[in-house]
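Letters A, B, C and D mark the chains as written, and numbering starts fresh at 1 in each.
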Amino acid sequence: MVDKPVLSMRELVERFVPDGQELMIGGFAFSDPTALAHELIRQNRRELYVMKTSGGVLVDMLVGAGLIRRLLSCHVWNSVGPVPAHCFRRSLEGKGGAPFEIEELSYGAFTMGLLAGACDLPFAPTTPLLGTGHFETRTFLPDKLGQVMNPFGSEPVSVVAPIKPELGVFHVHRVDALGNAQMFGPTGEMRYAMAACKRLIVIAEELVDTEVIRARPEATVVPSFMVEAIVVEPWAAHPTDSYGYYLRDLPHNELYGSLSRTPEGFAQYVDEWITQTGNHSGFLAKLGEAELDRLRLRREQW
Amino acid sequence: MVTSGASPFERMLLTGAACMDPDVVTFVGFHWPMVMARVARRLHAPAMTIVYENGIVEDRITPVFPTSPCDLVAADGATMCAGSVDALYMWLGAGRVGMTMLEAAIVDRHGNINTTAVGPYKKPLVRLPGSGGGTELGSMGRGLLLVSASTNSRSYPDCVDYITSPGYLGGRSQRSSLGYKPGTGPQRLVNPLGLFGFNEAGELFPTAVHPGVTVDDVRACFGWPIAVPDTLNVLPEPNADELAIVREELEHARERAYLLPQD
Amino acid sequence: MVDKPVLSMRELVERFVPDGQELMIGGFAFSDPTALAHELIRQNRRELYVMKTSGGVLVDMLVGAGLIRRLLSCHVWNSVGPVPAHCFRRSLEGKGGAPFEIEELSYGAFTMGLLAGACDLPFAPTTPLLGTGHFETRTFLPDKLGQVMNPFGSEPVSVVAPIKPELGVFHVHRVDALGNAQMFGPTGEMRYAMAACKRLIVIAEELVDTEVIRARPEATVVPSFMVEAIVVEPWAAHPTDSYGYYLRDLPHNELYGSLSRTPEGFAQYVDEWITQTGNHSGFLAKLGEAELDRLRLRREQW
Amino acid sequence: MVTSGASPFERMLLTGAACMDPDVVTFVGFHWPMVMARVARRLHAPAMTIVYENGIVEDRITPVFPTSPCDLVAADGATMCAGSVDALYMWLGAGRVGMTMLEAAIVDRHGNINTTAVGPYKKPLVRLPGSGGGTELGSMGRGLLLVSASTNSRSYPDCVDYITSPGYLGGRSQRSSLGYKPGTGPQRLVNPLGLFGFNEAGELFPTAVHPGVTVDDVRACFGWPIAVPDTLNVLPEPNADELAIVREELEHARERAYLLPQD
């Protein structure tokens, strides 16, 4: 096992995310790698096929900036408030912004599809879904769901097709040079999601010695052999939370929610917080040390 | 007694909280159910076990009010942090959860919930966030309590445009023929008017209303001719302690960026 | 949530394991709750339907003592040596000992059957098994495996029926009074197996304060609400290993392997190590403090 | 050079070890594959990634020789401790593993392995332990290397009585029609005589033998008329370093209660 390339966020987007890329983005309203979205916007990527369980502000920004051609998600909103994901809503309601196609799965079906993808199973039984909108309505994934008869019974069983994203980029807590990545706290669907991706890059809060990894082998959510490259970017999940590292930034979510109510406000947000800041260090500088201190968690060492 | 000022919204929260059983594992969905759960913890269920879709098990009130189940202050002091296979299937789907609380933005006669799109799916009049795990709560949740803070009949159409979370679909018999498990499907709905149940056909009907709520108020709330029993039970007035606690928690919620109805 | 009853091993067997009980026993050649097997033998339980992924010495003793009517397992042996599980082999070869019925699944299919049971799915896709002995040969579980056509493709898919044991007894590392149970190190199929059981009792190395559990919420393998009762029995998994607590006892495995070569030797083992010792404290006293010291691991506190 | 004393068993271990690629994630089954892996780590693959069915990821030699993958000295210093869904499906089944090593107690013409029962299943002449995860290695393992320490033809019947781990079943075409994935199925077998492959029909044949092994030795080893090419490649003699290391590791294995052929 050899060390994995350690990239800057800029290099990650340059080298791994061309226009049109199929891209699963990690996080479930926590550990959303928002810094990746910023960089995708800075480099003006187009026609992306984005998969993300919980869309959130991250996906809303990508929609608003016109980067997405197709989206597979289980919901998209700003859970602080909560308020709608305004760009997402505007676009789908035909009230402005670049159009995109959406396909949806429930969170459970998304999870099971990722489990099937991770395990390379031909399908997985999932939540009973017959008669629901998810089952009846299909857009660009006509075979996302199906049904089989239970071979051990006589009832119909809802099944989901395996999800196997071409590329995944996930936020994790820490990683070693070999690519062993660890997370703490709840993990939602992420263990399966990471393993489902054909190629995987992790964005870590910190790079640690392999001996640190060995001290908590149960916290390893993805082994080195699944990881192709590493980005080390503290605060990459801001304004969502990173368990043990920092809190959700409510004022920033409110700011985004407020500005993105109009296309002009959204453009202002992008200009001030993404374009002008130049990179994530610039973004953090604009946020300010006092804000970071307010959000930073002072945990014991794991 | 300073209870006379209880708003319909506060009454809804207290009624929902009162439905929570301290001895029953409860799956709490986002938004008002989270407020109800905090109120219930402070009133009668401090050690109730609550689970969230991301895999958190919570057995006491958290110091800080989470803005959603994925606001990880919800995991502060958690006894277990697992994942969505655990939460949605091993706990909810397998019947380890005895009560399920789900916000229902738009709900129809048969308890089907739309949180996806009003109007045509591909060109919606109003686009909502989508399902998250709400589909699972509707499909697999036992003891399902729906929560709606609305009394506007647009929130209660005869038939939703998109079934995000299945209620009884076209009726109980249809649901049971499509692979849904016995014991699942909505049991009750709580809104600012009072409490509702589902009859043998799987249709919503009022079971008890708050003091002063009339049959006409109930009829005006729903977008179909809802069947109303001859007599409606009346829910108790909140007492001072209950009202103080719900208001404290709402203040805490406001500090945590919750948009409250009066805001 | 209220405290769970804390039972002695004797009470556990008296109250929860009547003759004929369907019983899933935890462990996969580590964390095998051997002290439970000893107590089942002391109380002379009969006609048990035992489910255990890796049978090991534990199942061999139950077979030798004639307690088992039916066994579902993925293998049974003494992995130290390795040497055969002699009682198991004698009985199935018709060369002595009480007869019993065996049904088998591969470890993967057993795991997926437990996953399906844990999630209450009607079945789970599993390892391709068509044409294998596991698929072709059935005894008391004629519907253990089946096949469906992939609704998203055209190939046959091997599926396993859900496994939902009536009662499970599992070894864990630590538990609090509420029943929150934690494990460290590899967990094999155990997380799914525990959740698959309709009723669950855990045997823990130690009882800890709930605050200790809260400090490592990711290590909780089963939440309190799934646990019905608790046994606190240090060294309950001896002679298998308990990660972080003690090592596998190779000499004891060799001793058992050597004695159990003959029915007389097995009877001698049972008499000396199980019957005469009276309970697990007696067993440990016979083993001796020097032996326990040799096996004990001195880990940092988790 | 003191290599002349290399036993066929030691040659088998060294040949198996030489098959291991330091850059390939390798799924190591119990028993002799574990010895081969330790030898390979010491000879040419110190940082090879090895995974075990219980969920352990090992990336360096452990201080103590595990008596089986579930002897948790195997987890000493592990970079990951997960579970069997990870190991058997997310790593093995999904093709993250590039090489799979499986002991084959009894193996037939088509690479089908019996570790369950010789004779009738319900009244066996010899009852073996059963499959464990060996079925998964045969069914889903990429780069599958079978290992047998036997040269007795009873270990190589024409057709096994019970297929515990599927090889090519009745032949490659049968296997591929039954839902097994492309790239799976046994690639090689190593035994004390040398190395074997599987031809287009999925039948075992010798590819290289140790010095001094004759065609008659090969024929005598198998319970069917094995096809032998006109010329057999000859494997290299172990060098002194290799022999010293395999003997050190076997001594370590003996201390850890392994029963060795000469014992």
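Note that a contact is a pair of C-beta atoms (placed from the backbone, for glycine too) under 8 Å apart; a residue touches a chain by one contact, two chains touch by 3 or more.
The shown structure was predicted, so the numbers you read here are calculated from the model rather than taken from an experiment.
Participant: Comparing the two chain pairs, does C-D have more C-beta contacts than B-C, or is it the other way round?
Facilitator: C-D
Participant: Approximately how many whole Å separate the CA-defined centres of chain A and chain C?
Facilitator: Chain A and chain C have C-alpha centres separated by 39 Å.
Participant: Distance from the CA centroid of chain B to that of chain D, rounded to the nearest Å?
Facilitator: 57
Participant: On a C-alpha centroid basis, what's the spacing between chain C and chain D, in Å?
Facilitator: Centre-to-centre distance between chain C and chain D: 28 Å.
Participant: What are the residue numbers in chain B that touch two or more other chains?
Facilitator: 75, 78, 81-82, 85, 89, 93, 181
Participant: Show the residues in chain A shared as contacts by 2 or more other chains, in ascending order.
Facilitator: Chain A, residues with two or more chain partners: 121, 155, 157, 184-185, 187, 192, 217-218.
Participant: What are the touching chain pairs in this one?
Facilitator: Touching chain pairs, listed by label, come out as A-B, A-C, A-D, B-C, C-D.
Participant: Looking at the complex, which residues from chain C come into contact with chain D?
Facilitator: Going through chain C, the ones touching chain D are 28-30, 54-55, 73-77, 79-85, 88-89, 92-94, 104, 106-109, 111-112, 115, 127-134, 136-137, 139, 147, 155-158, 184-192, 240-241, 243, 247-248, 250, 253-254.
Participant: Show which residues of chain C lie in contact with chain B when the two form their complex.
Facilitator: 1, 118-121, 176, 178, 180, 192, 195, 210, 213-214, 217-218, 220, 223-226
Participant: Touching residues of chain A toward chain C in the complex: what are they?
Facilitator: For chain A paired with chain C, touching residues are 116, 121-125, 143, 146-153, 155, 157, 159, 161, 184-185, 187, 217-219.
Participant: Across the complex, what residues on chain B touch chain A?
Facilitator: 30-31, 52-56, 67-68, 70-73, 75, 78, 81-85, 88-89, 93, 114-117, 121-136, 139-140, 162-166, 169-170, 174-175, 178-181, 256-259
Participant: Within the complex, which stretch of chain B touches chain C?
Facilitator: Touch list, chain B to chain C: 25, 47-49, 51, 57, 59, 75, 77-82, 85-86, 89-91, 93-96, 181.
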